[in-house]
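Shared between the two complexes below is chain A, which has chain B as its partner in the first and chain C in the second.
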Partner chain A sequence: MRKMMCVALTGAVTAGLAMSSMAAEVIKIGGIGPTTGPAAIYGSNVQNAMEIAVEEVNAEGGDIQFELQFEDDQHDPETSVNAYNSLKDWGMQILGGTVTTNPCIAVGSEAVSDNMFMLTPSASSQDVISIGDNVFQVCFTDPNQGRASADYISEMELGSKIGIIYNSSDAYSTGILNTFLAEAQEKNLEVVANEAFTDDNSTDLTTQVQACKDAGADLIFLPIYYTPASQILKAANDMGYETKFFGVDGMDGILSVEGFDTSLAEGVMLLTPFVATSTDDLTVAFVKAYQDKTGDIPNQFAADAYDVVKVLYKACTEAGVTADMSASDICEALKAVITSDGFSYDGLTGESMTWDASGAVSKDPRGMVIQDGVYQPMD
Partner chain B sequence: MQFLSYLARGISLGSVYALIALGYTMVYGIAKMLNFAHGDVIMVGGYVVFFTFCKGGIHPVLAIIIAMGACTLLGITIERVAYRPLRGASSLSVLITAIGVSYFLQNGAMLLWKSDPKSFTSVVKLKPLVLFGGQLQISAESIVTILVSVVIMIVLIWFVQYTKPGHAMQAVSEDRGAAQLMGINVNGIISMTFAIGSALAAVAGALLLSSYPTLIPTTGAMPGIKAFVAAVFGGIGSIPGAFLGGILLGIIENLSKAYISTQLSDAVVFLVLIVVLLVKPTGLLGRKTTVKV
Partner chain C sequence: MAGRKKMKKSTRSNLMTFGFVIAFWALIEIVRMTGHMTAKIGGLLIPVCAYVVMAISLNLVVGFLGELSLGHAAFMSAGAFAGIYFYTTAGAALPQWLAVLIAFLIGGAAAGIFGVLVGIPVLRLSGDYLAIVTLASGEILKNVLGAMYIGSDSRGLHFSLKDQFSLGMEPDGKMLLKGAMGIMGIKKFSVFTVGIVLILITLIFVTNLMNSRAGRAITAIRDDEIAARATGINLTKYKLMAFVSAAVFAGFAGVLYALNYSSLVADKFDYNLSINVLVMVVLGGMGNVLGGIIAAIILTVLPEMLRGFSQYRMFIYSIVLIVMMLFNQAPAFVSWRKRFMMRFRKKAPVSGKEGI
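Showing the complex of A and B:
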């Protein structure tokens, strides 16, 4: 009897252990992005969307379950590396980040030495994916954005004299600028003014706008984030300068700046792979889930982030990743799957997205225009 | 015409620097310390005006008066808590404390008001001045800022030269120990200086953000540093010097953006400062003091 008890107890204990290890069968996904700071809109959108996607994945009840931890980096490279280290202490196995370019480059070099798989929703610089073969993007690479913008402007004949205002202290901005200039030359677009500012002297941007005005630019290309863009729109309005504005994905968010007069953004065009007003099933379902959770309309970064989690889920399933694998083993498995010929993903931000070994995604961009305070497809 | 337009923008930016530099130079002249937190008091003033005027919709003048009150209180508190205990300490300790206060204010603002940018609505509701048939346009904000900084400079000079507290300030500035022996309440005078400087910061904040509308917790940092340069440029401790330095700095910055390089404008500004300090170490209007050894 006593022996029986022992066996029963041992059995119970073993079962208990098995249970607890079953419960721990989750793959730990880390996320890093600015939920405060000048680019806060991006990070909070990404965080919310990743949470939604992880809930959906777990609700499917498959073999693969995700656990998400998201850290704030204030769009600051140093803070971002600290966030990365604390996520590693937590036991992160895959990084779904980071959100913005400069921090992503800093974190990327750490992740390369750890061989940690990184899939960034929105850090779009070429420098991000060239850090190592473990870094992949869901968004377009900057060179693609610059090239696509120039193509789009020339194809739709949006402007004949192009002015540019960019941030020379930001890799994202200069990355887009360089390919834009190259492609503009190819397409015979006339660039009449090319003005720069830096993070430190961005208080006053009127001189740059004035220079574009003096040069007679009828379209200003803004490969920058929305905060300085909002200053430029106001400055142009104040000096009575009527021109068209064309932005890239960093312009997304301009309508949500607190206190900003959104009528200034009327007619602003931008290239972005996602619009919340689309009517396809996937977008409608996602926008509803996002609104139920936060009360806000998701932007492109949210859509990118949703795709990040879903791509990771698909890749983990196909690669047979299990929770007891080390981050480095998972990285090797995911790399092999995601670059394989058969792997393709239909997401919010593009159909049949595929990746090559460089880490860049291939999908088509879409032009948007701000009308009546919302983004509308341009074509 | 282009040149005039750049010049006008330069004067406009310069008058904001001048307004900030007046606060710097007051505190330096009397308390003999560099209050690096001055730029961040401007930011706090900006937020107060943002919430009372831009969000709360009260009259802009009333909003600025509330902000002046809030900043005065903040300035006196900072002086009482952070600087007064260090009255006898070396100037290096005070300087480091000032930098600490600056970080404290920035991060406190980040906690309180979050750091996503806010877009400021101008407190000046007037039409821009249009000259030469629309070729030259000067914004009403610029004109108001220039006028306000001139008026404040004149009032400050009058206050320091012709009033009793002003005389006490001069005495404290000249010889703190002797002033105390003559029965002047040195701590009170220094508190008053901080109160005036901080109230000016609130005005500067409202006018800075009316011209350049992005409000984030680090909004005051860079203009604060530039204004410090302006104060040194004009001769730190001198009230007309701060004004002159500010205006010149704004003009140099904008003209170098227009004609040299938009990226190198800061480099040009600091280069000019270095040259001025080499040629005239006390700044443009600084007083030369001979120290007997």
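Showing the complex of A and C:
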């Protein structure tokens, strides 16, 4: 027994030494997201994409080498904070996360008190970046999406009577809805129906579609994810209701819903930062790398996550961050660089992306429309 | 004679329970003082305390009253939201310790009131029917809290169940409760000792209640409802007493839990959480307070300790859960364990006779 203990202890010490000697060379990046549970698809996409990006960074062989550790949070704030603490024990120096909004808000305040630099791929609420000056986003904030959608609809005169179906139990959906309504009032868009559903009763959305039909809506705005959206499209088709649909970035993925007749999605419009069928070199290379690794088509969460690692790489290079710096020192250096005038990044989810001190990204949303089963630029 | 012996046994098991909690506190404080505390363990302390209080309080209903409640998380939620709502609004102007204290009281009271509201209709049912209704009331509270918007500006408070926009707030207004996003910007208050004190208060209440006249009435109802009614026990009164006390302590646990995080969302308190707490009670043995405490600690810490298995984590967690259940409750295991303990007991007097 004692001998076994000795061996175990020696092993632990050697492992500890090995880890500390490695820490001198690589910058430790933590990632947090749901890789199990109902939101698992988002976390898995982010994890895979971050791994791809880290491999690419390390393959370049520059001075900066990354090591990635990704922890599961099951889309639960409590577990997310636990994951954050685990990563801290591991020696995380920069946090590339978290994936979903509510956990991100809980983790954000921990990161603020530790002064840990935090760049989230996809937690899109305004409340995420207002936690502290060390929290930054790669995705659009929800308010921006809501405002941009209302502007787009009014500029292009896509509809005069607007119906809305949203998920009242989802922070993402209500976040977009709130600014959409405010901007719609500003632009004199007439909202004739505003129907809610929750995660618990999202299996049948016929009632909500019927309400929009009864109100005579000629455009339905869907600030929701693609799974319920596919049911709405089906319900509208079943009741012979011809109308236009306008979605946001959560709509991306609707063409890959299993058992969904994609012809129903013809003519659906959406604002999205990333389209997997784009033909630019960066997207093609990324989609290929992702498919080689997982066999799946990446969604916009994956693209956002890829950009997270690449933005961190660029910022670390410009700030001269080294692996022996403390998390807090790295945070100060990165904050200064990422908000500086000269810093701009061209990535999968947008060109010449810049950040201001609020932590929000500035990039142009792309209007897309589904034609013949693929996304086409709208204008 | 038999009665005296039984009393002694219950006193001894109570002392063991208190001793365990205090030893747990001392252990953690020693680890902290010697600087061996990791961020992971440090972050788990308050949730562990909250779940321990939840398990003890649910034991009142499941273990002692013998009714299956599947909505215990709702009381935690009611307490958390009421307490934190006060803490972030009126409490912000008070000294923190006072605000925390009042938040606890308000949280407990709110959960208690909700307990009465749910309890009066629900306790007319029993068994499976009661379980379903508690489950439903928990879901109702979760959905209502998740759809509630409260904001304040210079014109006063605004309230809506639809969306933030229909509050008609002035631009400089402040959102206090934001639907699915819940309450944000909570000034954290996570003191492990406060958690331990709450556990001890819960224990004192529960052990005293169970050794009182009311407690014996409650266990009599569990053992045979018809016989209890025949002896003149007021069923509704004692059922409600157990149910509401459990709700109040769940409310306290909710406040303790919520103060540990900067944000509070209604979605957290879904039936999964209720079931988790129920698993703690069942694993620890129904009616066994110390067992419930230990199970609560293990089940909260275990998923974090299994992080090394990455995506197989929850799979392994489930297997461990099944094995633990079998080890604790399967008849073959129980008799094997008893035989093992007997052997241990026979040997014990040799090494330490004066200890007994």
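Just so we're on the same page, the second predicted complex is superposed on the first by the 346 of 379 C-alpha atoms of A that agree within 3 Å, B and C clash if a C-alpha of one lies under 4 Å from a C-alpha of the other, contacts with A are read in each partner's own complex, and residues count from 1 in each chain.
Here, contacts are C-beta pairs under 8 Å (C-beta built on N, C-alpha and C of every residue); 3 or more make two chains touch, one makes a residue touch a chain.
All values derive from a computational prediction rather than experimental measurement.
When the two structures are aligned on the shared chain, A:171 is found in touch with chain C, with no touch to chain B.
By the touch criterion defined above, A:109 reaches chain C but does not reach chain B.
Of the two partners chain B and chain C, it is C that touches the larger number of chain A residues. After overlaying the two complexes on the shared chain, residue contacts for A:200 are found with chain B and with chain C alike. Of the two partner chains placed by superposition, A:189 touches none, neither chain B nor chain C.
Within the superposed three-chain model, A:181 lies in touch with chain C and out of touch with chain B [touch as defined at top].
After overlaying the two complexes on the shared chain, residue contacts for A:36 are found with chain B and with chain C alike. Of the two partner chains placed by the overlay, only chain B lies in contact with A:239; chain C stays clear of it.
By the touch criterion stated above, A:88 is placed in contact with chain C alone, chain B being left untouched. Look at A:78: by the touch rule set out above, it reaches chain C but stays clear of chain B.
Where the contact sets of chain A with chain B and with chain C meet, they give residues 36, 74, 168, 196, 198, 200. The touching residues of chain A, when paired with chain B in their complex, are 36-38, 40-41, 74, 168, 195-198, 200-201, 203-204, 206-208, 210-211, 214, 227-228, 230-231, 234, 238-240, 257-261. Taken in their complex, chain A has these residues touching chain C: 35-36, 71-72, 74, 76-79, 81-86, 88-89, 101-102, 105-106, 108-110, 125, 127, 131, 168-171, 173-175, 177-178, 181-182, 194, 196, 198-200.
By the touch rule above, chain B contacts chain A in their complex via residues 2, 5-6, 9, 13, 50, 54-55, 110, 114-121, 128, 134, 137, 139, 211-216, 222-223, 253-254, 257-258, 261-263, 265-266. Within the complex formed with chain A, the residues of chain C that make contact are 38-40, 42-44, 47, 139, 143, 146-147, 162-165, 178-182, 184, 188, 261-263, 265, 267-268, 303-304, 307, 310-311, 313-314.
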